[in-house]
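A, B, C, D and E label the chains in the order they appear, each numbered from 1.
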Amino acid sequence: AAQDCTTKIGAVLPTSVDWGKPIAATAQYAVDIANETGGVAGCQIEMVLRDTQVDPKVGVDAAKALVDLDGVQLLLGAVSSGVSMPILTSVTVPAGVMQMSCCSSSTAFTRLAEEGKTNGLFFRTFATSGVQAAVGAMVARDAGYESIAVFYKNDDWGQDIGGLIAKDFEALGIEVTAQIAINDAQASYRAEVTEALKGNPQAIYMALYPDEGTQVVREWISLGGTQNMIAANALKSDEFKENVGMEFLGSFIGTDTASPRTDSASAFVDAYTARFDGPPSGPGLPNSFDATMIALLAMHAAGEGATGTDIAAKVGAITDPNGTPVTADATGFAQAKEVLDGGGTVSYQGATGNVQFDANGDVSAPAVTWVFGADGIEEQKYISLTEVNDFMNSLQ
Amino acid sequence: MIGVLSYLIFFATVASILSIAVLGLNLQWGNTGLFNGGVVAFFGAGAYGTLILGGIPQDGLIGGFQLPYLIALFGGMVIAGIVAWVVGLLTLRLRHDYLAIATFGVAVAFENLVRNAAILGGAQGIRGFERPLRDLFESALAYNAAFFVFVLTLLILTYLFLERLIASPFGRLLRAIREDETAAQSLGKSPSRVRLTAFIAGSVIMGLAGGLYATFYAFISPQDVLPILTFQIWAMLIVGGAGNNKGAVMGTFLIWAAWTASGWALSRFAPLEVQLYTGSIQFVLIGFVIVGMLMWRPQGLFPEKLVVSQSAAAKR
Amino acid sequence: MTALVARNVVAGYVPDLPILKGVSVTAETAKVTVIIGPNGAGKSTLIKAMAGLVPVSGGSVHLNGTEITNPRPDRMGALGVAYVPQSDNIFRSLTIRQNLDLVLRNAGAEAADRRESLFTQFPALADKQSERAGALSGGQRQFLAVAMALAINPSVILMDEPSAGLSPKAAQEVLEYAKSLTEEGVTILLVEQNVKQALRLADHCYILADGRNQVEGPAHELLNDPVVGQIYLGGKRVAPA
Amino acid sequence: MAEPILSIRNVTRDFGEFRAVDDVSIDIQTGTITGLIGPNGAGKTTLFNVLTGMLPPTSGTVHLDGQDVTRFRPDALFAMGLGRTFQIPRPFAKMSVLENVMLAPLAQSGERLWGPFFQSGKMRDQEAAIRRRAMEVLDFVTLAPLADNAAGQISGGQMKLLELARILMGDPKLILLDEPAAGVNPTLTKTLIEKIEELNRDGKTFVIIEHDMDFVMQHCDPVIALAEGRKVFEGRAEEAQSNTVLLDAYLGAQVE
Amino acid sequence: MIQNIVDGFLVGSILSLGAIGLTMAMHMLRFANFSHAELLSVGAYAALVFDALFSALLPVIDAAIGPLSLTWALTLATLVSMVITGLSAILIDKLVFKRVRAKGGELSMVFASFGVAMIIRNILGLIFGLDPVLYSQEIVFAIVVSREPFLLVKPDQVFTLIAALVIMFILHLVLSRTTFGYSLRAVAENPTLAQVSGINLNRMIVLIWLIGGGLAAAAGVFYGLTNQINPVLGRDLVLPIFAATIVGGIGSIYGAVLGGFLVGLASNLALVILPSGYSPAVPFLIILAVLVIRPHGLFGEERA
């Protein structure tokens, strides 16, 4: 029964950045779904969105204002680890607010959690980079590439994944001809591409965002580089596909940590497509969606007036592998609420699969490879959690 | 109500920390005419220095010496001073825009270094700083309040130090060198020595701000030392009024308030559809605030006064 | 005939703080009029006000009977008025030739011809014509500044201490040259501290002090006036030329 | 003869091809007022610039008090007692006139970073004394009423006076004045001369570039003339007036 | 190595174009205009709009010229965009800089320009969206110029280089053959005296913006042609352009040209010298080295 009450939740996301805006839109979309079903714990949800400008000071201030002035108990965000981290250490943990990030990948969070400094308040739906790196290496091996150049975005995510995959390649006996950091906001990446061309690799691996990814690939192809490309999930973007062109993406393979072969993932894609007139493309969208959904369900489970700690404690009840499976849409949300109201637990089947958090708030996930097809992004191959783990162990 | 208080304390702490950095810049630009385009390098040197000296040990990272807080903070200032000394020796021959771009380059190099050097935390940054005396306080709010008092005290001390300094013959010397170096030299002053002194002193103050900043957030990463911070600190000084310490502090609070309040106001009052554009709109608003300020009061809120040194003024 | 007239001019650099508190000066056509007075009297300010560089808040300025109060400085040349500032009166980063060409071309004159005739008048400049003006000695700069004023063939020339820093010979030459221009109908309004030489050449003289007219009269009379001599001319009577 | 305070030996200064100062040797004796004259562009200011360390000589040496100071920096030379004024004034434009003057004294304890904190008593006494003297000096050059004005906003002649005030305040024993009277009102010029003579009696040495012949002839001894970078005359003032070369090239027909 | 050097020149030509306008404005109006690079964005987007318009009106002209990805429509659009950008620059001056100039100091102008940059950049983002766009989706392949040493060159870049050099040559003629050249330096050195010498200050300012804006638009289009267009294009280019200006010496057109090439070279040689992560710092370190040797840049003069 819908009541005349609203509960505020906070979101601190980089809306002033090209790839940040869709992440925020997706979070809002999840909130809308929850509200359609009558809200959370009997109240409508109002997501107060603040821009971080990718500036830690601004992000922390926004988070603090949301916590202190709007009294939110749940905070979504941020994207950059460099913003999420100070928010965690100086705002959410001291205030006992739950923080759920879609996209921060830094291993520093895991260590912080291990040291017991997150008080169990931090979660993220972005799998640690190890899985993607391993799957990328697996793809290269299966394709039979013997030499490969690595381009990585020079931030915490890129450095992490770039370093990991280089090790994986080496373990597989694939020569890494170059490891090239792609710095943000550079006028031209011509020099970087030229540098990578020197080693004459059979393929390239890219841990890049669409913006610089497009520039690098266009440059790379025009200079006659190979069209054998492997990329991390961040390039899952229509904009990338269009600006590079299908004719060059024939042997492009992407990786992602993704859903098991449930319907939920494709359901999300369909629903998203209907809502936004286009499939989810761009980094972090499914993650953002799941982060929001899980957090809202946990909030529901924790009941009215729950504190951040209460909500955090209920996350396990949403991602219980033995719980009732629920889909990531309005029907699923409504169903989940019913189950939870009855004291049960659910297994949320999200856009990124049936998400499970470990003790540090991290998710590990099965993986998938994907390619660009005529009408969008097509899943190519599903690699189950056990397969991923076995492969990773074989690399050690 | 507690929430509002808690936020205000938080806001004031950040603004006070930034004020200290702005005061350091004012010594360099406002009083000496040194166009330092690399504020973040010195701010960052203090921040990283303090966390390296005072933080806890971590795998693969340099430092983690867990020195007592005040010593770590002081160490951060010393490190900022050393960086400034080296940079100063190289660049202080340059003037105006040339100096600005050279020091800006230093800041880019600094950011690059901390971003790429694994022992300095790389892009992940340095975390794990134990807040000093945290256990003495019951609540986070009380602790924040206490930390604010500490920062405020340092701000006041810095302010008094600078006020006294620029009212002294040293300040007169700085201004003379800002105006006409050749003439000052012909009166027996050594511009290169004085410029270097002022540059180091200002940078050490920025280093203090950096150290406070890093310990307040218990975290520092390359994202904290991007050029935008240099810009923010400059904007605060210019809006407040270069050459005037009171203006510098007021400018900081004002700009920082505008920066944060515009985001807050948009999140509160803008319709939902617009909210996704708030980022861009906020930057447009901030742009208008700065431009409007400069059109309305180009000398800043508190223009520089013609000062006669303190003892002389006192006798008037 | 009066060429340039300032009537009760009130002017200053900042609003509400007049430096000139109602000064009147008349420059007769084809005559040399000189303004003298203590440092800070407002002489330069007066000239600048006439040239449109300092806003006039009261009184008026007339040129050949037409009111031109607060003119646009870049139009003065077109009106036939040239102005030689007291300091910063050349472009240091341009060569001497470029300095002259600049003025000549802006005046729409046929550049090369006039330039050569100027160089014959100022041989010291001719020798250095392709050097940067910043490298000139203090006196040479003064020559250049005067040459630039003459370049536009003006009918009225305002000169602010043209002889300052010149050697006695050169100062004499510049002033005599100015005087000689009057024979061609050019009006000269001069500010000078080189009082003796100036008064000997001038036709009429004004003494300003503290932003006000103090004394006025034919130049030779003032030169011999004991009181004026005592107060403004350094207390030393000089023999008439 | 006593040892000269300043001894200039074969100083030459080139600007590219152009030789502005050409093999000049001069001895300045302690306690004299030397007049330096010569046509415009003769190299007088350039010579000053070389002597005060603003320009290095192309060749030649400069000795101050018997010590070789060629290529010393201006501030070092000032500390050794050699000061100068500029022909084209260089005020500290955004500082008050008073501050301009108060800057000049050497070795102010407050001019060190820690001075205001660890020596504040001493500093305050020094400041008070400096300020008192500064006002006296300003009073003397008629600038006292403008003490609080920005130095960039005074008249051209007043700036010249300020130049002089600053150097008087700095109190070097050897003072090089570059056209101190140009642009200064004659009445005031007279007072300036009196002051210079008074200081000279107290033991200060002056070298003065000046185009005002009354000034040079009546008060300078010896007089040295440069032309086209070379020293063309050295002697007493009367001799200068009868020197045909000088008359022709420099003085013109107008000497009284 | 050779490849890096050639690339350096190709990239450098764009920076040079941007730097010329900046150096003129910086010299004459005496302030470091941080919004100059935004004019490149304005130019690039204006060309984008007119390109679409012309192609729609006259589909025939939407054909690539020779081996380039440049079309006739875009060429036309670029010319229009140069004028529009120049006019926008004048408008910005009228609305903002003129007023700040009337009251404030040098630094007020600098920071006003920061504010202006922020406003333009984000308004462009609001209008055109944050996603990058391209004049042509087509990827034009580089041509192998030589095998030993191996050297690849893209037709678009060669065109850009030639076009930039032609524009610079025209500008050189204008500046050395007309009074405008002297007047520019005269105003830069002493605006009051320039006025007294008969120079109409306002007209000069308008001309400077017109030229600077026009060149910026050309640079923006060329950049878009060889890279991509997005609202932060200005932000990404502002530093290289500034660096070029500074290294060349403020006020020197030729310095700006040389500085552009130098910065282009430095960015392209960066990876030869240091690990790729450090590449953003390398151009600045080279600038630092140049300035330590020549404190006023390669062709700059000390300003009194």
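Note that in this section a contact is a pair of C-beta atoms (placed from the backbone, for glycine too) under 8 Å apart; a residue touches a chain by one contact, two chains touch by 3 or more.
Every value quoted in this text rests on a predicted model; they were computed, and no experiment measured them.
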Subject >> Set of chains whose contacts include both subunit D and subunit C >> reply: none
**OP:** Trace the shortest sequence of touching chains from subunit B to subunit D and report its length in steps.
**Re:** 1
**OP:** With contacts defined as at the top, give the pair, A-E or C-E, that has more of them.
**Re:** A-E
Subject >> Most distant chain from subunit C, judged by the mean position of its C-alpha atoms >> reply: A
Original post:
Just how far, in Å, is the C-alpha centre of subunit E from the one of subunit A?
Top reply: 38
**OP:** Just give me the whole-number Å value for how far the CA centre of subunit C lies from that of subunit E.
**Re:** 44
Subject >> Inter-chain centre distance, subunit A versus subunit D - centres from mean C-alpha coordinates, in Å >> reply: 74
Original post:
Any idea how many Å lie between the Cα centroids of subunit B and subunit E?
Top reply: 32
Original post:
Counting only residues that touch at least 2 other chains, which ones in subunit E make the list?
Top reply: 122, 125, 130, 275, 277, 280
Subject >> Multi-partner residues of subunit D (at least 2 other chains) >> reply: none
Original post:
Out of subunit A, which residues touch more than one other chain, so two or more?
Top reply: 16-17, 21, 154, 181
**OP:** Would you please name all pairs of chains that touch?
**Re:** A-B, A-E, B-D, B-E, C-D, C-E
Subject >> subunit D partner contacts - residues on subunit C that touch it in the complex >> reply: 13, 37-41, 43-45, 86-87, 124, 135-140, 142-143, 160-161, 164-173, 193, 195-197, 231-236, 238-239
Original post:
In the complex formed with subunit E, which residues of subunit B make contact?
Top reply: 29, 90-91, 93-98, 100-102, 104-106, 108-109, 112-113, 115-116, 231, 234-235, 238-239, 242, 277, 280-281, 283-284, 286-291, 294-295, 298-299
**OP:** Mind listing the subunit D positions that touch subunit B in their complex?
**Re:** 52, 54, 73-75, 78-79, 83-84, 86, 90-96, 98-100, 102-104, 106, 108-113, 115-117, 123-124, 127-128, 131, 148, 150, 166, 170
Original post:
Considering the complex alone, what residue numbers of subunit E touch subunit C?
Top reply: 179, 182-183, 185-186, 188-190, 192-201, 301, 304
Subject >> Residues of subunit A touching subunit B in the complex >> reply: 14-17, 20-21, 24-25, 28, 48-51, 53-58, 60-62, 64-65, 67-69, 71, 80-83, 85-86, 89-90, 94-95, 106-108, 111-112, 115, 117, 154-156, 158-160, 181
